[in-house]
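As written, the chain order gives the labels A, B, C and D, with residue 1 at the start of each chain.
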């Protein structure tokens, strides 16, 4: 059971990572980030149940909240970029380099 | 407190005071600079006489002046003392230097009268004189080396005195550098001796007492190195070549250098070191061989030269060779005797040459430009003749006695040395009579100068005459009274036999005089009987001219060595140092910058790349963590 | 005065800041006057110090800082000689550039430099030593970079980087040394004096070599010498004087103060290597100098050769060698200082330094010719002048330690006139060629003569009677010799 | 034992964060009034100062069992760095609205929480609380809007991914240890735990700017206002270092700890080499901060290798403290002078000698030239590395120090030796005050390390 949960969790994490690394649309990348966090959270929730640890469930909730806050900030940043006329696309963001 | 005869201190103090006074005078009255110098010469001459008397009555003495340098450590102390050595050898040298040097000082007052750098000349000149005085009274090798180098330095300044002349500049540099090559030998010998003594330096008396107890290998090394030093200063093969060029300086400089101050230093060193040199197996033979080679070679070259001073310069080289030969044959006394007589006649000859050049308004004269000066310059002619006869070794002129002592020893030794001795006698007569005939009898060729040649003024003629008198008389005085040998024996650390000077002896008289007559006859034949034969004969054989021009190609070899050193310096200083050593330093900058550009290119600006590297970094760390699974 | 040694390095520092602060007051001459006042006062103070206390052995009690670092200063013969040299040459340098219309920063930089150099020679704590050692780079960096000649920017950066890089080896060695001491005694201490590692283990050898590289860059020893010609050539005359006169000596001082006392065994073991390298330096520098066409560059290479002799004497580990090598440091400071100053005077008048840019200066500027010739002879090592004494004793020492090396180094002695005299001849004797600047070079004025008389007088005095000067190094010589 | 009342306990435990909460509330309230920009600026500075004062507890009670937050010597020492490091930004930047003050106070609050945490969850929250305002600050406070926006996005996504790694590390830790609480040396040697520490360490190293996790850093520093980059490079970096140390301390012989010296060597070398090629000053300083990060990471590696030696901790702390002054000074100089590229710098010393002098002090200090603070900082790190036997990384450190000197020195050369437009800049009073306040310790801290003596006692036994 533990292995299964770990499997799913890591799968989600690495899919998220792959999205973040490989995809170019910023919104999709944001999704990837959330996927990484959510994937990890699965393990925490699982262990919380398994070990009847209320603290960890609370922690999972807190992490969700933080992730949501992060997502909001991410969206705000993307929006601002869009408003400034930048394409919401990773390869377009290459003014700074070298 | 220093316990020394005041006259001994005076020998050094008087010139120093004169130079300091002259230095002050120089700044506001440069025309008066010669007065303190002349006064100093007079004082030194009187002091030398007094010292000779002191030595012969009271014997030799060592005087400690002061401790020059010293260091202390628990195990050992190291020190170098400066002192004065007064013995027969130094007394004789002092007499020679003060007499000849003083007279040349006087002569210079006339000779340099019109030169713009009159004051500077006397400052340098007296410094030269002072250095040589210091050299002969030095009490140990370090001190001797000190003055030895000062002599070289002064000669550099004086040979290059007319520095507007390219040849003078070159000759000065050549003289200094060649001497430096010899000095290295001296320095090395000093170091070895100091290492042998173990506690720094020691004066001659103590050192020579060590003599036989020194490791023979070390001693041989020291002996050869000292001889090497002497070959440079006394112009022996292979380091003789600077001397003929050194006549680029004013004539009084040449006279002083050839007669009293510079080239005599090497012979003096050999004589001083005789107690060591005589202990080394084979070294005296070497000295004799080198001396003979130098004497013959340079005499041959002297025959081919036409410049007055150049002939005399090669003649000096030849005579120094004779002296070295004498020392090598164990006749130190004879060699020193010859040094003494040579000082007189060579000074006379140079000053006469100076008179001639002066009369012709040239810095130096060629035999082809002179000719028939007999009537116009009677005093010069007389002096020159006396000195020439002395040089050639005509009985009873001074040169005869001293040369006779050496030729006699050569004949005694027999074999190659005997042949060499006779050959030298022949050759010296040949070149000096050739010169005499050409200059004073030969055809006149000086119609063109604006005014007729005239005799030199009294201030120049008087010293010349006095020197000529010396060139005549000093031999008889020294030999028949045995005074020189007696003097030299005071404080002598070698065998008494080495100082003995034979009196008149028939075999060597006949041998020497017959060679002399051959030489004189040959000279007459070449210059007067068939004056055109020699130039024609030589003109038809250009290789021969080249042979003599380059001193049997030896000069070409030397300039090759110099060029090689210069090329090496360029290779190191211009190419190796800046391209290789510094190139490695300067090259790092561009190399790191290139690396920087590489790294910079990796930061592409693409967010995906950034994240990829982030993941890769994490993966690498993870791999590291799991590797230890 | 309760802290006479602290005063030695704080006074010039204070003077430097004052000079900078008072610069804005609209009195253009004030900074240089102030700087000269401080330099002169400090020199007089330094010179009077042993007179007042009867000895040049002084120590300050010290103050513990963090990390085993101790603020401790002391003076002994070796330090005193170099401190005196620093004070003297700083004063001379300032006087020598008196007429150059530099800003306050120039004058202040020399005081800052003096402060750092004093600190180097006074410090008895490795850390303190290193701080002063490196701090001396900063003023010199600005002196070269701001007031140097055409290629000064490159030279300044190269100087700083190269010597800093060398110092990193020194730092590494120092750190290892402190760790070693901790391993041996359980004490964290950077104190120099009580430190002695007799064992010649590989670590000791490593530390020795590492620190030696740091010092070698400064001296400089082949192959770490290439910063020097650039720095010397581009620096203003006064900067070159300080650089050659004092800063090169720091490396040798390091050998004398740190390496040999701490590692007597290793020093003896490496004697052939260091001695050989030193002898090579003497020859290499001479060959390098011979090829130069720029007067300053030539003198710079001559420094390489001379410092080779110094190092050789010290490395011989005989009393006469150490004393001679140390005295040669002072001699080189005076002689090369005088040469650089005179090149500066020539440059100030003509803005040229090439050997072929001049000719017959001995006729047009006889006083300059006299002093230059005198300094050349001293540099050549003509006896009777200071240069000979140091060279002679260094060689004598090496002759006892390792005759082969001394014999090889004789070649360097022989080559010295082969580069200096031709250079002298070209500038002072040769006929001026076309486009020569010789006519611009007027003769020395009174101030310049006075400076050169002071330097030349010392050259002769030391040469004729070196013994009292050798006394400075007596303690070091007897302590360090094998 | 004297009983301590809960309020006192709270203030003792987390006085500064509490103060920040109050300060934040006040600024929000002030936002309704007039002149809010100035008021919020003053309030922000006052809050930071209050935080600095409250860092020092009058009594340090033993933490309650299972406490999420509890002060110790490290937290006290490091919080000083955070709040002092934020001051130049608070004084120089943050104009316009109350938003910047809110953001940096929030970020500082996050740092405080990192310092006080005894629990991985709190560490994570602190990390996020520190980072999220930082993303927004970058976006909002650049001189070039588009570039700032781009940099903020890059920062956000990289940082988000790093946070996710940290989270995964937490999950692994919990799986293995059954708790989120951590304590020094509490963990068994175990590959799972090793992986967990590595993942958390990655996030910390990312924030420090270790190679190859450094790509975001130059972009962010370049696009931010200079004073903001100063804040990031000092306070935020110090927090990340403490985060790394907390993670490493869980198992000082883990793979992470053993990798650190090499990571440090790589970081300082690459950072120094990269900085060498830069013409834009802010980017150059960004790379230079990577090189400095390498030294610190090496220090942390040595600290871990010697079993959390107090001396090494102090070396790290001293480095961060010196760096706080030098780098804030350098960035503040850019803010005050308005210089952008090396071309602008040429001839600067002619027009503005005083500012140029301060600049030279910062550069020499950053280069680590004695007698500046930067020298002692580097020396202490090298010394610790030597003590720990990290010879090869130390060789890299020496080499990198030399390379670093090249670019700092060329900047000084440009300012002093090159010809150029001699602009005369005086700077505002606040600007000059900040510069002098940074320059004095940069120059002299190395000579008087005794000033930090009390801190040394905090970190040591």
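As a convention for this text, a contact is a pair of C-beta atoms (placed from the backbone, for glycine too) under 8 Å apart; a residue touches a chain by one contact, two chains touch by 3 or more.
In this text the structure is predicted, and so the values were computed from the model without any measurement.
Looking at the partners of subunit A and subunit D together, the chains they share are B.
With centres computed from CA atoms alone, C is the chain lying nearest the middle of all the protein shown. Distance between chain centres (mean CA atoms), subunit A to subunit C: 65 Å.
Subunit C and subunit D, compared by their mean Cα positions, are separated by 43 Å. Centres computed as Cα averages put subunit B at a distance of 37 Å from subunit C.
Per-chain Cα centroids separate subunit A from subunit B by 96 Å. In subunit D, 153-154, 157, 161, 218-219, 406 are the positions where the chain touches two or more neighbouring chains simultaneously. Multi-chain contact residues of subunit A (touching two or more other chains): 17, 20, 29, 93, 95-98.
Chain pairs recorded as touching, per the definition above, are A-B, A-D, B-C, B-D, C-D. The touching residues of subunit C, counted against subunit D in their complex, run 65-67, 130-135, 137-138, 141-142, 145-146, 152-153, 156-157, 160-161, 164-165, 168, 171-172, 175-176, 178-179.
The part of subunit D that touches subunit B in the complex is made up of residues 153-154, 157-158, 161-162, 165, 191, 194-195, 197-199, 201-202, 205-206, 210-213, 215-216, 218-219, 254-256, 258-259, 270, 273-274, 276-277, 403, 406.
Of all residues in subunit A, those touching subunit D in their complex are 6, 9, 13, 16-17, 20, 26, 29-30, 33, 36-37, 40-41, 43-44, 47, 51, 53, 55-56, 59, 62-63, 66, 69-70, 73-74, 76-78, 80-81, 84-86, 93, 95-98.
By the touch criterion stated above, subunit B contacts subunit D in their complex at residues 589, 592-593, 595-597, 599-600, 603, 605, 607, 609-611, 613-618, 621-622, 624-629. Partner subunit A is touched in their complex by these residues of subunit D: 121, 124-125, 128, 132, 135-136, 139, 145-147, 149-154, 156-157, 160-161, 163-164, 167-168, 170-171, 174-175, 178, 180, 218-219, 222-223, 283.
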